[in-house]
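Once you scroll down, you'll see the structures, which are given as structure tokens.
Shared between the two complexes below is chain A, which has chain B as its partner in the first and chain C in the second.
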Partner chain A sequence: MKNRLKPGPLTFAAYILPSFLLYTFIVFVPIVVAAYYGFFDWSGGTAKKFIGLENYRTLMTDQRFFKALGNNLFLIVFCAIGQIGLAFIFAMLLESRVAKLKSFHRTVSFFPSVLSAVVIGFIWSMIYDYNYGLINTLLKATGMKDKVQPWLSNEKIVVLLVTIPLIWQYVGYYLIIIVSAIASVDSSIFEMAEIDGATGWKKAVHITLPLIKNTITVCITLCIAGNMKAFDHIWTLTGGGPGTASEVVALYAYKTSFLSQKMGYGSAVSIGMLVISLVFVGVIRFVMGQITKEKE
Partner chain B sequence: MRKRNTTEKSYHGNMSGKIIINLILMIFSITCIFPAVWLFYSSMKTKSEFFENPIALPSTLNFGNYINVLQKSDMLLWMKNTARNTFLSLILILLIGFVVGYFVARFDFKGRKLLYSYFLLGMLIPIHAIMIPMYILFTKTGLGDSWYTLIFPYTAFGIPISVFLVESYVQNVPRELEEAAAIDGSSFSRTLFSIILPVCKPILVTIGIIQFFSLWNEFTYSLILLSDERLKTISVGLTIFKGQYSTDYPQMMAAMFMAILPAIILYFAFSKQIIKGMVAGAVKG
Partner chain C sequence: MKKKLVAVLMSSVLAMSLAACGGGETTSTDNQGEQQTQQAKQEQQPAEQQAEQPAGDEQVEITITHFNIEEQRAETADYDGFYTMLEEWQAQHPDVKITQSVLATADYETKIQAQAAVGDMPDLFCVKGSWFKNFVASDLLAPMSGAIDSYEHKDAFREGVFDAATVGDEIYGVPIQFSVSSLVYYNAPMWEEIGYSEFPTTWDEIYDAVDKFNEKGITPFSLGNLDKWPAESCILSALGDRYTGNEWTNNIIANNGQSSFTDPEFVSALEHLQNMAQSGAFNADFNTSPTGPAAELYNQGQAAAMINGFWSLANINANATEEVKANTKIAVLPTVDGGKGAANSTSGGCGWYMGMAPQEDSAKAALVEDLLMHLGGYEYSVFLTEKYGLVAPSVVEGVDVSTFPPATQEYIKLMQDVQLTPIYDILMDASVIEVMNSDVQELMNGSKDAQTVAAEIQAELESIGK
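Here is the complex of A and B:
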């Protein structure tokens, strides 16, 4: 009877061990591998040379690495503002009493989130295309020929241009999260606020926003995690170019390892990326924790 | 003067405010759907038709580009590969998530908390930070470049969220279920799979939905771990195709539309459940 309710050690091991091993092998062993090869000058072949901390020392002063990291930060900040900000505004509009076709808007706005990043990248590269792109076609049609330019070759704005598709793709995702948070708030609170004269943006900022603070923190955390992963979009849109203008850390690690054949240094870059992400997540969790605490 | 009046009064539900709010929402929704629609109708155009006016509708419905894509490329093979990877990984993610999630939720063994945290820790590891070492690892162990290669990382990356969601779900499943089954003489494994598994179906469906789209769309690992042309997935296949036929825009768009068609069909058929599932997974995770 007891055995039927609680498995013995053997049954237990049989159920847990395979998953445990697979998970460890894929998620944690690579970290050890990267830490190990980070100590070598190695191009992937049989010859490798132990160079101690040299790779890490190089990394500390690697301008290209820090520029890529800066691009990651840019992406995170602009996506957080763009995705969550727009999502909040649209959520307020969608929740207003006069809005029609609510379920249509929800379904359609969420749709881009399920599309492949590679396809999103291609679609936007066609929107930005010099000869036949949507933007330049529209500019020509409206008589603003002087504004026509090869958009993705413009070093100054290319990071912003690769951010826009990311914002566009996920506004609907955050919109739905925020709408469902608003729906779970007791509606009498909103009614009371309206009786007290809080309507429109006043109500949105002073009543709704504080009530869904926790959801907003969840959104910000998701946004950060999501944009640290920005790789596919940029790969298909610009490949990190022009030059290295729109490179992010993951793309730099890829190029270093596979195009420049510096597997040892690529491993060190990977460890750098891991450490920075973990520190970043730690800081964010701490800050968010403080904000949520204040509220209570 | 009149304009100011409308913005101020928009929330009181007067006519112009109503129109403005609905107009903004409609424009937003159209921008969300338009690129996919544009992709679709442009894929029906001929090259010259497209170059003449990239925005105009096609003059005739012409599926020639699709036929070309199928003849010139391994599109169907890439789709088959992607479907196989997605399907097998999904099965494993659900199975492992179910078993591990159930064990950590139900049994109070030594190191239970530690094991649970360990299985969740993967959520903090950015997958791109381990792509280079994973390439090294897979090359050294000979696991790379096979039909099963991608199933390893796909499954492992799906484990944390899956364990997490099953664990919190099983917490709310009454223990009497297992007790009654045990009294009836059902063995542990039988209870697990014929009693508990069906009860967990809703959460497993949610996990399946969340994972399906990220698996179908996955790019990075299929780019890195596979070099054999016959094993490529759809996302990498598209980049190859683009490299070869980059000047034929409508044909390229036909290929892209084919690639996203399964996701489109699935999404619009089950949009309610998909939205609910993805939001639940995101907020809880």
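Here is the complex of A and C:
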């Protein structure tokens, strides 16, 4: 009987093995190899020159890298607010009594998450298009012709403009996570709260939010990880342009490796990106942990 | 228990093999691995086989990776030329198996760089002029000087076509494209309407025309600079030379420290380009429009002109309205006051080459070399010149031009006495070009001034010289 519940060590190892191998070869090995390549002046091919920490040192003072990182931070902050914040509000609406066709809304809001980023990029480049785009057409129709502009050329707001499609795409994804988190909370708690007079906004902030804060932490972690590696939307929308105005770190790493043919430095940039992502995630987990403790 | 273990192991093997087939990249590397083992097998038994038939019963396989997309063969002259040459050679060598891997140019560049990174090259592949130094340093290319010297039509090659492919004293590639990157295609009746019976020869007149077109709501010049290279390759390459002259460009390409991007001549060229963008010479969304839609503006008669490479010729002949087709004339950019560059010149030359990976089997090497000389040799130029009226890597004489579309005849006429100057992005170091393309986009957007841009490009040039 005991044997049926708990597999023997060999079976156990065999169950773990596929994931372990996959993870090792697809994630771990490439990271180690990239860190190693970061020590070389290497433009591809067999000729590599060992230059020690030179690439990493250059990275510390690379303005373009930090500008790209700044754009990543912008993405993270706006997506955390836009994706998780909106998803939370939508989840509350879906959970309320007035909402109709709940499962329909849930399903439809999830649709954009399954679309390829390239498709999203194209859809939104049509929205921003100068001649035929939705925004400019609306502006013209409503008599605001002076506001018509080639939107993605405006380097002051371009980062915001490329963030909007990202928010739009993933609201549904976080919505599903939050809705299921709320569903797993004992419904009697909400009933009690309502009897005590906590409704609407009060119930959301003081009852629901504290109960699902662990899920919110997971969402924020996912949001940081997702936005640190943001690449494809921006690549299809602006290619990082105008100039480097909407460039993010992953785009910079790609351009350095494959357009500038600096494979060594490109690897160093990727490693820099990894380290900073880990730091961000660590900090957020620590902060959320502190908040949790205080409340308890 | 044992059965279970076996099942689990089997499924893990399955998972691994699925993972290995996950991306297109990985699949093709697998193929290459396979092909290399085949090669190795052949090498083990060379003694019994004659040099003429290197594989005997076993089929020789030649792998080619390139960007000549078959679907675009009908409207792209060099693609058509490539396939025609390949088919001819295949017909002469039915026993050789040719395996192609074809990607669009941008994807091709990424893929071949990735393959170069691991030193895993196909037998033949396309090489950009600016890549040669790196690729040769990494032993990815076999020397071709011998084959070219013994080639029967070697005297027909145009002067300078091997320049970019020469490292030291050795040539490493055969040109597959003769590129003219900056041509002004203009709709003659539209310009006549505002008072120019010929394309203007001074910039004052151009700016005057720009104002007049803008008043009428017509885009003066269509430009699609989303991908960042068109403004640099098609406009700055030619405009820059007007200011700096050839010698400056060659010093930069050689990175010998005798010229600098911060030289006043080049800064003036940048200022000029910025001025063009700021005075409304281009469609308002030039920095966010891809090349295709921008060319369409001209093709549909919504733009009065377009500054683009020779490749637009085929596009106009295939896709423009009948009116635009008949009315298109071609010119080069006007000269600038006090510039050092020659007047009747534009940027052009050989940009893309095909190179051969070093071969261990000498019999196969001879075969691959033969194919390479066919793909980029005299017959190829004859095909391009006779069928499309193009200026090809080899000089082909006695071609009847009267049957070509009007725009093509214009091009042939223009090319008879135009001098060619270096194309920036094909000859300068890739990382310098990356900075330049990106900065030029901001320059034209008005968010960086010419001095800053020049200084940033120069800083990149100096950093690679170290």
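Everything below uses one rule, namely that the second predicted complex is superposed on the first by the 261 of 296 C-alpha atoms of A that agree within 3 Å, B and C clash if a C-alpha of one lies under 4 Å from a C-alpha of the other, contacts with A are read in each partner's own complex, and residues count from 1 in each chain.
The criterion applied here is as follows: a residue touches a chain if its C-beta (ideal position, glycine included) is under 8 Å from a C-beta of that chain, and two chains touch if they have at least 3 such contacts.
Predicted, not measured: the structure shown is a model, and the values here were computed from it.
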item: Which superposed partner A:122 touches (first chain B, second chain C, both, neither); value: first
item: Residue contacts with chain A in the superposition, chain B compared against chain C; value: B
item: First, second, both or neither for A:263, with chain B first and chain C second; value: both
item: First, second, both or neither for A:105, with chain B first and chain C second; value: first
item: Which superposed partner A:245 touches (first chain B, second chain C, both, neither); value: second
item: Partner chain in contact with A:26 - chain B first, chain C second, else both or neither; value: both
item: Chain B versus chain C as contact partner of A:12, first or second or both or neither; value: first
item: Partner chain(s) touched by A:43 [first = chain B, second = chain C, both, neither]; value: second
item: Common ground on chain A, meaning residues reached by chain C in one complex and by chain B in the other; value: 11, 15, 22, 25-26, 131, 257-258, 263
item: For the chain A and chain B complex, residues of the former touching the latter; value: 1, 3-7, 11-12, 15-16, 19-20, 22-23, 25-27, 29-31, 33-34, 37, 90, 93-94, 96-101, 104-119, 122-124, 126-127, 131-134, 137-138, 168, 171-173, 176-177, 180, 199-200, 203, 215, 218, 222, 225, 228-229, 231-232, 235-236, 249-250, 253-254, 257-258, 263, 266-267, 269-271, 273-274, 277-278, 281
item: Residues on chain C engaged by chain A in the complex (per definition of touch); value: 1, 4-5, 8-9, 11-12, 15-16, 19, 109-110, 113-114, 116-117, 119, 131, 134-135, 137-140, 226-228, 283-289, 430-431, 433-435, 438-439, 441-442, 445, 447-448
item: Residue numbers on chain A that touch chain C, as the complex places them; value: 8, 10-11, 14-15, 17-18, 21-22, 25-26, 42-47, 125, 128-131, 149-153, 155, 238-245, 255, 257-263
item: Residue ranges of chain B touching chain A (in the complex, touch as defined); value: 8, 10-13, 17-18, 21-22, 24-26, 28-29, 31-33, 35-36, 38-39, 50-51, 53-55, 96, 99-100, 103, 107, 109, 115, 119, 121-122, 124-137, 152-153, 155-157, 159, 178-179, 181-183, 185-189, 191, 213, 216-217, 219-220, 224, 234-235, 238-239, 242, 249, 252-253, 256, 259-260, 263, 266-268, 271, 274-275, 278-279, 282-283
